[in-house]
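Got a structure for you, written out below as structure tokens; questions coming shortly.
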Amino acid sequence: MYKPTIGLEIHLQLMTESKIFCSCSTEFAAKPNTHICPVCIGLPGALPVLNEKVIEYGVMLGIALNCTINEVSSFYRKNYFYPDLPKGYQITQYAIPLAKDGFLEIVTENQRKMIRIEKAHIEEDSGKSIHTGDITESEYSFIDFNRSGVPLMEIVTYPDIESPDEAYEFLNLLRSIARYLGVSTGDMEKGALRCDVNISVSKDEVMGTKVEIKNLNSFRSVKRALEYEIKRQTKLIEEGRTVVKETRHFDEKDGTTKAMRTKEELNDYRYFPEPDLPPLIISGDFIEEIGQRIPELPNQKMRRFIEDYSLSIDYARSIAYVPSFSKYFESIIAFTGKPREVANFIMVNISNYLNETGKDIEEVPFGKEEFKELLDLIDSKIISLNIAKNVLDDSIRSGKSPSEIVREKGLSQVTDEDTLRSMIVEVLKENEMQVRQYLAGKTKVIGFLVGAVMKKSGGKANPDLVNKILLKELETLRQ
Amino acid sequence: MSKFDIEKVERLAGLKLKDDERERIKRDIDEIINYFDILKEVDTDGIDPLVYTKWTRLTLRNDEVHTGLTLEEIKKNRKLFGNNFFRVRRIIGE
Amino acid sequence: MMDITKLTAYETVKRIKSGEIGVKETLLSYLKKIEEREDLIKTFILIDRDRAIKKAEELDQLEHKEGLLFGLPVAIKDNINVYGYEATAGSKILKGYVSLYDASVVESIKRENGIILGKTNCDEFAMGSSTENSAFFPTRNPVNLEYVPGGSSGGSAACVAAEEVAIAIGSDTGGSIREPAAFCGVVGLKPTYGRVSRYGLIAFASSLDVIGPLSKDVRDAALMLNVIAGFDAHDETTVDIKVDDYLDILEGNIKGKKIGVIKEVMDFEVQKELKDALESSIQKLKGEGCEILEISIPYLKYALPSYYIIAPSEASSNLARFDGVRYGYESDGAYLREFYENTRTEGFGDEVKRRILIGTFALSEGYFEDYYLKASKVRRIIEMDFENAFEQVDALILPTTATTAFKLNEKKSPLEMYMTDIFTIPVNLAGLPAISVPAGTDKAGLPVGVQLVGKWFEEALLLRIAHHIEE
């Protein structure tokens, strides 16, 4: 069995108003080259000035990732030529990053696992190159510098990840944390989160050859690319061939990775201290103050939902990882209790509604009062859980209260035993075969019979009562 | 043998000298680099490199947006193409 | 009739403000001087007569004559951005680049109602000591046209010496203000690193570059420093330390001040007249009641190699932005790499290419520790030497250069040219303020300069001492 070893390099855009070293707007999808100034297009003589918000967000994220924050960190220049890199160097952190030695604990298939973080540092983004047609054949490329100087935090993990699922979950958790902190949207389609992966496979303790994969445009792509790459590398080794240390591109269309066709480029970035920016000094007080502003994070929330509310891992994660969902969920259960029921309604009915309408959960016209009303209807056995789901769906769409809907549509549950018994007798007559089967010992068909009664009642029969009466009637028949 | 591999350094520096120019410049640089050897006489053990003077303190900017350059200004220096893009020759050669 | 161009900047502003002379009148006198001399000396890369005259006329209309530089024509070295003007830094690669913003010093000069008259010639990207490295033309020494004006701020020094302008702005990375000032017989002030904003100065070596004035006398240098000194939010390396009124403190005595003479300077070969000039300045200081002490800067001779590693290293990175994509010269090529290489190889001159290559080498894998890092450590040792010295003295005195100006095309190898800066470079490495003041001439009639070095951010005392020794 070949074991994959995976490390991630993630670039998160910090959601500041202005760029990291100048006052240009970071607005997404603005007209090309309309958010640029002498600093971010590298006019001669322009100098960088650091944005305080970048430090605040960087420190916050660093703390949330359980990192040690360096009270003194420094900026370096990474030198290389590329047309979207206006100064011919990128200002980044190198020798001493803002944050180091952290970890995140992820949960997959009921297993907890620690993924260590080597470092998290701040840097500037480059502009955007647009290649019309094939990069190797089109005559020109086009450059938009609006992104140039957008603040990024680069997070580098140790190669502690051992499966595509773990990689997926790490990214999922990281993005969720960034959203809770309000430091990044983490939207991959808007370039606010980018991820490169390093992967090798090995049968034993000896590490395999590391391959880097780029051009991963979604979490799903990350997973698919890793799955493909594990197979590819395993096959190579089994065939006695060697894995080449290289950078590969993921091809979204066919789900494969391909070696990048580049001329050999010298990789010598000639890092040296950025003389235009003195070291960044952060006080312990500042770090402490930022630390106190960090809210409960999604992984802690998820654990609490599982432990305190007995939610399933899937539901706990789905609610806990989306700040607006958990806020909604928690505001409701604080009023109504019954977290399992509420979670169920949110994950099924409300999620469907959001998918259909494209709305945000904040816009759902079904608050804690409505939930309370709905849950009370169930509690007092006026409606069944199934009917309740319909009532909820109806209420969100019509704006009517749950009780109104139950009244208007006559959805009250049938709890009158005589009415139920007569329905049951009818059902037993109509399904003689199943009755015989039951009496012959095939008790499983009870489910079918209950279903038939529920159907006859238009879903309004109280299922517990139906069950009870049905069994009694069947016993009567046996005798 | 000189440690100064001029062709490699040219490539890193984004330059490509003509052969006669290269020979001349390499000779000058070899002489200069040899001169640097006298630094070996200085014992720098335990010395921190100096990049910033001790008075410099990083000051932080407020996260405020100000308008930058207009397209008209940019066009004073370069023609823009399409929807106001800078244009460069295709990136990969041969 | 009075020749306005003979006046100092300080006197000029004073007389304009008193109504004795007009702004336009002043400007026209200078323009006339330029017309007479410029063809021979060639100090300017750009002169904007029309814009200057228009500004002068506007100022003449004003009732309140406000601003420290009211109506004063100022020349700016061409490696400093002035909105709307070409800024070439003496390089072909920036030919056609139009500045889209004002450097902070230019903004200050404009705010004080100075008039930007033009852009002065310099060695390409301030790399050189003779202004022969300008991509466009060499500038000549107004004192003797066969000689270089020094560099890299050779245009700024020469235009002040030729009385083509009242005062000029230069930049000093390893001596580029002080050496040409000495060669041309004017005052050149290099302020403390961090005292004057570099925002808008086309970077050569960011940790060493400083902007400062070249002027007819020390008072004028003080006047300009009053205008340009101070913290600037656009430059993270400026320092928020109190700025004195440098004109105010200029007079006052210097009795009891301790002046250090650097023992190691005499290890170098220094032209006799320069030694004599130094000695007579020392005597003057003694006469003013100063105490002269011999002090040691043991690592002085390592400053030059340290500098010639650090400055090119930073330059190799600073000059990477000149790729032909957004502004300036552009060549062509079948694909990007070729385009870059053609643009840069055609756009940069030899000396710039040499330094880019040296710097790239010094930062590259396998050599970083032995070159860049080693040089930066030696730099620390040199700074510590100065720190020790300044525990004993208030200022240092030494020659600005080891020789007076040399002839055009006289220096042969680059290394020989680098040696010109042996007495100015250590000051940049330590970030100290220094000033070169004229101190007579040699037997060929070429100007001699004496250099004073002050404590960090103590330009006030430095200027006062300089004021006492100037002629």
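Note that the chains are named A, B and C in the order they appear, and that numbering of residues resets to 1 at the start of each chain.
Everything that follows uses one rule, which is that a contact is a pair of C-beta atoms (placed from the backbone, for glycine too) under 8 Å apart; a residue touches a chain by one contact, two chains touch by 3 or more.
In this text, all values refer to a predicted model and were calculated from it rather than measured experimentally.
More C-beta pairs touch across one of A-B and A-C than the other; that pair is A-B. Using the average of C-alpha coordinates as each chain's centre, A ends up farthest from chain B. A separation of 23 Å divides the Cα centre of chain B from that of chain C. Averaged Cα coordinates give chain A a centre that lies 41 Å from the centre of chain B. One inter-chain figure worth recording: chain A and chain C are separated by 57 Å, centre to centre, where each centre is the mean of the chain's CA atoms. Within chain A, residues 38, 41, 49-50, 79, 81, 83, 88, 141, 143, 263, 268, 270, 275, 277-278 each touch two or more of the remaining chains. Of all residues in chain B, those that touch two or more other chains are 12, 14, 49, 51-52, 56-59, 61, 69, 74, 86, 88-94.
The residues of chain C that reach two or more other chains are 97, 100, 207, 233, 236-237, 316, 320, 323, 325-327, 336-337, 340, 360, 364, listed in rising order.
By the touch criterion given at the top, residues 16-18, 22-25, 31-38, 40-41, 49-55, 79, 81, 83, 88, 129-131, 135-145, 261-263, 266, 268, 270, 273, 275, 277-281 of chain A touch chain B in their complex.
The touching residues of chain C, counted against chain A in their complex, run 79-81, 87, 89, 94, 97, 99-101, 103, 198-203, 205-207, 233-237, 313-314, 316-317, 319-323, 325-327, 336-337, 340, 360, 363-365, 368, 372. Those residues of chain B that touch chain C in the complex are listed here as 3-4, 6, 9-10, 12-17, 21, 25, 28-29, 31-33, 35-36, 38-39, 41-42, 44, 47-53, 55-59, 61, 69, 73-74, 76-78, 86, 88-94. Residues of chain A that touch chain C in their complex: 38, 41-50, 77, 79, 81, 83, 86-89, 141, 143, 263, 268, 270-272, 275-278. Interface residues of chain B facing chain A in the complex, by the touch rule stated above, are 8, 11-12, 14, 49, 51-52, 56-66, 68-69, 71, 74, 80-94.
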